[in-house]
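Next, two complexes with chain A in common: one pairs it with chain B, the other with chain C.
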Partner chain A sequence: MLPELSLTFLIFLLLFLKIWDGISSAATIMHLTNFLVLVALVGGFCFTGTGEMFNGMFHTSKIINFEKAILTTGTLIIFLQSFDWLKDNKNGVEFCILMLSTLLGMDFMISSGNLLMFYLGLELSSIPLAAMANFDIHKSKSSEAGIKLILSSSFASAIMLFGISLLYGTTGSLNFTEISMRLGHDQLQLFSFILIFAGFAFKLSSVPFHLWTADVYEGAPVPVTAYLSVISKGSVVFIFITVLFKMFAQFTDTWYNMLYLSVMLTITIGNLFAMRQDNIKRFLAFSSIAQVGYILLGISAGTVMGASSAVFFLIVYTFSNLGAFGVISFVSQKTGKELISDYRGFYANNKTASWVLTIALFSLAGIPPTAGFFGKMFLVTAGAAKGNYALIGMAALNMVLSLYYYLRVVKAIFIDKSDEPIEKLEGSLPMKIAFAICMIGIVCTGFASGLFEYINTITAQ
Partner chain B sequence: MINLSILILIPLITAVLVLLSQNAKQVKWVALLGSLVQLGYSSLLMKTFMADRAAGNTAQMLYQSKTTWFGVPNVLQIDYFVGVDGISVAMIMLTAIVVFTGILISWNVERMTKEFFFLLVLLSLGAYGFFISLDLFAMFFFLEVAVIPKFLLIGIWGSGKKEYSAMKLALMLMGGSALVLIGLIGLYYNTQTLGGQHTYDLMQIAKMHIPIETQRIVFPLMFLGFGVFTAIFPFHTWAPDGHSSAPTAASMFLAGISMKLGGYGCLRVATYLMPEAAHEYSMYIIVLSTIAIIYGAFATLMQKDLKYINAYSSVSHCGFVIFGIGMLTKTSVNGAVMQMVSHGLMTALFFGAIGMIYERTHTRLVAQLGGLLKTIPFIITIFTLAGLCSLGLPGLSGFVAEMTVFMGAWQNPDTFSRVATVLACSSIVVTAVYILRAVGASAMGPIKNEHYLHFKDAAWNERLASLTLMLGILAIGIYPFWLTNLIAPDTQIIMENLTRGLIK
Partner chain C sequence: MLSPTLIALIPLLPVFSFLLIALGGKKYFPNLCGILATLAILGSFILSATVAYEYFFQLGPTAGAFKPTVAVSLQWLPFSPDVSIDMGILLDPISVMMLVVVTLISLMVHFYSLGYMKGETRYATFYSFLGLFTFSMLGLVLSSNIFQIYAFWELVGVSSFLLIGFYFDKPSAVAASKKAFIVTRFADLGFLIGILVLAYYSGTLDFQTLITRLTTPTDQLHHSMAATFMGCSALSWGLALVFVGGAGKSAMFPLHIWLPDAMEGPTPVSALIHAATMVVAGVYLVARLFPIFAISSPASLDIVAWVGITSSFIAAIVACTQTDIKRVLAYSTMSQIGYMMFALGVSGYGGEHGLGFMASMFHLFTHAMFKALLFLGAGSVIHYVHSNDMKDMGGLRKHMPITHITFLVACLAIAGIPPFAGFFSKEEILTAAYHGNKAIFGIALVTAAITAFYMFRLYFSIFWSKDFHPYHTEDGHGAHDAHHGEGPFTMLLPLLILGLLSIGAGFLPFGRLVTSDGVAIVTEFNPGFSAGPVLLALAGIVLAWSFYKKQNNAPDQVAGNIKGFYTAAYHKFYIDEVYIFITRKIVFNLIGRPAAWFDRNIVDGTINLIASLAEIVSFLIRKIQSGKVQVYALYFMFGVLGFVLLFMFW
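After this line comes the complex of A and B, so read on.
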């Protein structure tokens, strides 16, 4: 419960600071927030409680604490990256409050042992997101993103809620464990499962529920896009694993087939669309759809290794995707340029940023020695447990497809010539720290076998 | 005592030092020194290895060391497992020589020097790691490490339609490694060790009997996947474009080392681990490689650009590697390994010489060259020697290797193999035509261009590089037995595994 309490405290503190307007500058508050988030993160690592509360509504274990730590780390990186953007914004504090509330919602969601608690967390984590997507209030694209996000996510919630109510009607319980024991071969239960699955697929933006993703990602401010694609998705993956493995263990064959289809479509369509994008944010949006496909591939096996490799991949993905988004948000804040063609000759003036972006993209593409290679390898290995060569073959060939578009960006940075390359950009200290964290994460998490082994151990518990 | 991890550590340290260097001059010297140390250590490895073998150490893999990398009981077992046999020692030696000479040849790189040498060293790191690994996962890891630097090397420092070639090369090689990946995972789930654990351990898998149904699926994936690296027909198209657009050192690496990664993988992973399937599929392998040999040779006839000539002839020559492996006799497999070493040295020398000529004339079109023997005698002599080696002149390494392949191939008594061997043999005639034509047109005759008269002959770095490679070629050509002695005991072991497949 400690992470949740500290986050709640932090939100209220920021609220008071905001009310006493003028007591301190936005920059100071940002530094304070970053520091406190860091404290919360370290605290979450040191004091890991396990057990249940509120009659099984809220439960926590080592793996759940670990997942929360991943989400908090990601949020901290995003805070650091958005420092330049927020320090002059008079609503910067609200942004922090909104982001921390979604984080709180996610923490509750992944800790939930009951569908009501789960739904509460889900809503808390998705409604403030729409406000965040709409944060560039003077840009019509941003407003479009906000309205699209809130409409589509409430639609998804409604579908999921319908599924939950049917499930309650047929099993008479909302508790995960009780439901799993009362599931049988009831058609209505199957139907409710499909509705819940669809709701999840919506949140994960897996095909065919992916259509909102690109527009929202393009319109939202870059830090919000990064948040949506990494933290928000990560938390849904975590609870999705619990729901599938624990609650719907009865329906393993059903959800294997559904995931099989979904993985095939998600990876392929994500990749095919990513190839055609010129806007770098849209490009990363589609690439992140494909990445979700790989995560689902790992989960589809339904094994401990599947779950742990998904968690491991999400760590890697957090560092890689936030590294890439960090550079993009850095460039976008300073110059407003967001097209791949704008990055031509980027290396000429911005050596460090170029390498950060390149290494992050290589990690996303799964090129060794970056951590992305290990993440993808483990997911594919886990997914292969059922001996489905078609699935693995498709995933492996899609890695080649994806390499094409990642290399397109690398080519623009290093090889293409430009008459007016982006001039030399100076990043602030928090930005540099964020880059450093991402790079260390990308380089070190792969080789360090201890991390994966630890995740495996705590997942198995 | 030999510690194989040092072979990875030296390039790693070199790479870090290159990154830390202050100026271009420092970068070059650090890279050169690193590769020289590596060459020294590789020679030491070879010497110790031969001494140990002579002293009667018949273990299959020497200097083994095994540490668990990812070890989760009943979930995943990946080891950092290294060890060498004669074949890998030969490959390591080849890599060390090519890297050393490649760095010497690229002494005049001016643009983004640090990045250039860093990528070269990274590439060599992948190759060394690949040759010493005995764990399939680690092997795959190193194989992929050696792919992406090529994209940047060709894309940034290349010439001609470099963007296209770089992208094509990267995607095709990644496609190859994707096939390997599918095969790898398919194989992994069909292995069982004592504890019921799956394994990536090459030595353990070799002792297991992988079910024939699995082999039938996995073998072609693996063989074709590695085959893409060796430019197996019909996946050879990256090679001509890639080679011709790459800067000189990258061409040398690509043809000298990278294509050997594929050949080594075909032999060590695909054929060695899945002998039954190797027998079943040997016919297809022979057909594909014969096509590559003949098609490569005839395609070379049509080329006007020196680099394209060598690139297509590489397709043809690497066809011999696959051909030798596909024939599945002890002599032919021996020949395949020798051809890998020989072709690696010869093609590196050839590309090096072409690079030196290009640096001076700024053209590689045969029609525009002429009479160069008068102005740059050293370079042209080297160029001619490389060409003669390529067409299989006795006394140079190419002859020994190709001869061994043919001898081995002829041991198969069936008509199909005989016909294939005769067809493959006939390519040598074509080789003679294009090599002599290219050499004659560029070296002899009147001087085509006034300013060809003002060329300076090879500088110290170019001379040193050429002589090093020449030494290797002559050593194999004149006294091939040291190489045969080095590899024969280990091809013997592979053959024993293969005959197991035949008996069943």
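After this line comes the complex of A and C, so read on.
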């Protein structure tokens, strides 16, 4: 419960600071927030209570605490990266409050042992997102993103809630464990499962429920896009694993086939779209759709190895994607340029940023020895245990395809010449720290095999 | 025994120095980099020497035999409970011996380069590469499993590529580094397939388990013997392929073509890589898997023996005709490594039968000393004369007395004159060959005589022959006259140390320390037997003396008499040309062209098809991605309905 309590405290503290109006500089508040989030993160590592609360509504275990730590780390990196953007914004505090609220919602969601709790967490984690997507109030694109996010997400929630109520109607319970015991071969239960699955698929932007993704990612401010594509997705993956493995263990065959189909569609369509994008945010949006496909591939194994490889991949993905988004956000904040063609000759004036972006993209493409390679390797190994070689072959083929479009950006940075390359940009200290964290993460996570072992052990518990 | 951390520091110190120099040192303190790297490698050397002392004399043999111990073992990538990729440090007689050799030679080279490379623009980079190379080589030597040795094997290849191509503004250096990389890479393909075969049949990557499973009657051995391909068992194929990798790195015929060209690198690099360390990796690899070769697949061992002796003989002949002193040394290295290889090839396993193994390792040890000395001496000469060609040299004995004496010592050692180091190891090899295979013994004797001839041809041409007129630098000061031709102290000290070692290393009781099964063997000194090789070597020296002591036309006359053969040898028996013929005419025309056609039309066609398909599909989907939320919701509903139809009613 400690992460939730500390987050709640932090949110209230920021609210009071806002009302009190004593600290006028947003920069100071940002520093304070960063520091406190760091404290909360460290605290989460030190005091790891496990057990159940509120009649099984809320439960924690080692793996859940670990997942929360991943999310908090990612949020911290995003805070660091958005420093340059928010330091002059008079509403900066609200941004922090909103983001921390969603983080709190996610923490509740992955700790939930009951569908009600889960739904509460899910909503808490998605509604503030719409406000965040709309944070560049003067840009119509940003408002469009906000409204599209809230509309589609409420639609998805409605479908999911319909599924939940049908499930409650047929089993008479909202508790994960009890539902799993009462599931039979009832068609209505199967239908409710499909609805819930669709709700998850929307959150994960798996094809064909992904359509909102590109528009929202493009319109939202870059840190928000990063947050949506990494943290928000990560939390949904975590709870999705629990829901599938625990609650719907009865329907393993069904959800295996559904995942099979989703993986095929998601990886392929995500890649096909990513190939043609000119806007770098849209490009990353579609590439992140494809990445989710790989995660689902790991999950489809239905084994401990599948779950732990998904968790491991999400760590890697957090560092890699946030590294890439960090640079893009950096450039976008300073120059407003968001097209891949704008990055031509980027290396000429911005050596460090070019390397960060390149290494992050390599990791996303899964090129050894970056961590992305190990992440993908574990996912595919887990998926292959099922013997579905058609799927594995498709995934491998798509990895080759993805290499093309990731390298297209790298080529623009290093090889293409431009008459007006982006001038030398100076990042603030928090930005540099965020880059350093991401780089260390990308380089070291893959080699620290103890980490994967550890995840494997705590997942098995 | 030292703590595992300290042992792990042996390979890690050089890599730390590499990282430090490459990441910061190059920029902030370029002039200190050499000293820093030298100190790091000195640390490694001291630790290695301690490890060797403790392994051989304090830990000592258990039950009469030196047992391998795993000092460090880390599970790195677990795939399943049974199979994982580990990183470990294996200590056994050969790895401990190699540790000392690698760190010692590397230390000498580091120290020597302080003088030799002084004033180079990429001085710091040079030291960072040396650190990387030393790290890879030590990692290779200490590997506890096949995967690790393969990884370090490739790393060695990369770092030697960097070092050979160090003068990257010289086209010949670039070509040489490319050639070395491609040829060894080609051989490594064999190595990779070989280890995959071995690992597949034994079900393990770990050396010790692998050796146990493939030398004792187990299921794994049975399976690997039973599976045959083209008349040979899978085991023999695996070992032969592993040997191909080893032959590539060790420049064995016909994969030796990269070694002479690799002399384009800085001379200290040649001393380190092409004399004492990387080129013996192949020998080390065979030695590492020796029990499997000797016990389970004697056929593969025969291949090793014959490849070894062929390389040795051919290289010796070619060496007689070359005029570039580094190329002569390169061919002599190839010839001596051939010696080590065939010594392994004629050896049996265990006890007295393992004499060849012991002799091979002994020769590896002594050869490292005197060949590094020869290269470093050649480096001093080149440093002074500014040329590699022996025609530009002669009479240097008065200008470079120390280089002269140490070079002479090394020549005597390589020629096998008692009591210099080479004599002892060579004699063991010849004894082993005599007992193992008489034909090989005969060729080896002839090779020994030729070796003495070409080494002294080199020696007399450099230091005697004619009078030397000091080279004048372009600014006309004749700067080199000031120090009588000798290099600075940093270059002389390694020469002296290695010179002493070339004299003394032969007296080591090697048979008691490094043997095939760890059990000490007693080697007898048989004056009657060793008289033959020594006399032959002396004959070679006398011949060289009569030809090259003073400039005369006797060598040209002899060359003229055997013109055809001489020209062939001078052109290295046209092996490079054969390779070019095979690659240009056969590979490019017969395989390359059709493949290119296939690539252009079929592969590209498919890709283009996929691209245009993607175009069409994305054009279609563009309508889906309309930006209208209500349409998105509609597709969402379609998705749900699709799932319902698929999974509920079908």
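The rule is short, and it goes like this: the second predicted complex is superposed on the first by the 459 of 461 C-alpha atoms of A that agree within 3 Å, B and C clash if a C-alpha of one lies under 4 Å from a C-alpha of the other, contacts with A are read in each partner's own complex, and residues count from 1 in each chain.
Following the convention adopted for this analysis, a residue touches a chain if its C-beta (ideal position, glycine included) is under 8 Å from a C-beta of that chain, and two chains touch if they have at least 3 such contacts.
The structure presented is a predicted model; accordingly, all values stated were derived computationally and were not measured.
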Exercise. Which holds for A:Ala436: it touches chain B only (first), chain C only (second), both, or neither?
Worked result: neither
Exercise. Once the shared chain is lined up, is A:Thr381 touching chain B (first), chain C (second), both, or neither of them?
Worked result: both
Exercise. So, A:Ser152: does it touch chain B (first), chain C (second), both, or neither?
Worked result: second
Exercise. With the two structures laid over each other on chain A, which partner does A:Val42 touch: chain B (first), chain C (second), both, or neither?
Worked result: neither
For this session: State whether A:Ile137 touches chain B only (first), chain C only (second), both chains, or neither.
Result: neither
Exercise. Which of the two partners, first being chain B and second being chain C, lies in contact with A:Pro368: first, second, both, or neither?
Worked result: first
Exercise. Who does A:Glu453 touch here: chain B (first), chain C (second), both, or neither?
Worked result: both
For this session: Mind working out whether A:Ala396 is in touch with chain B, chain C, both or neither, as first, second, both or neither?
Result: first
For this session: Scan A:Phe202 for contacts with chain B and chain C and give back first, second, both or neither.
Result: second
Problem set entry | Set of chain A residues, in rising order, touched by both chain B and chain C | 381, 449, 452-453
For this session: Under the touch definition given earlier, write down the residues of chain B that touch chain A in their complex.
Result: 68-72, 75-76, 78, 137, 141-142, 144-145, 147-148, 151-152, 155-156, 162-163, 166-167, 170-171, 174-175, 178-179, 181-182, 185-186, 188-189, 217
For this session: Within their complex, state which residues of chain A touch chain C.
Result: 147-148, 151-152, 155-156, 159, 187, 190-191, 194-195, 197-198, 201-202, 208-209, 211-212, 214-215, 254, 257-258, 261, 269, 272-273, 275-276, 381, 447, 449, 452-453
Exercise. In the complex formed with chain A, which residues of chain C make contact?
Worked result: 75-79, 614, 617-618, 621, 624-625, 627, 629, 631-633, 635-636, 638-640, 642-644, 646-648
Problem set entry | Touch list for chain A against partner chain B, complex | 303-305, 308, 362, 367-369, 373, 377-378, 380-381, 384-385, 387, 389, 392-393, 396-397, 399-400, 403-404, 407, 410-411, 414-416, 449, 452-453, 456-457
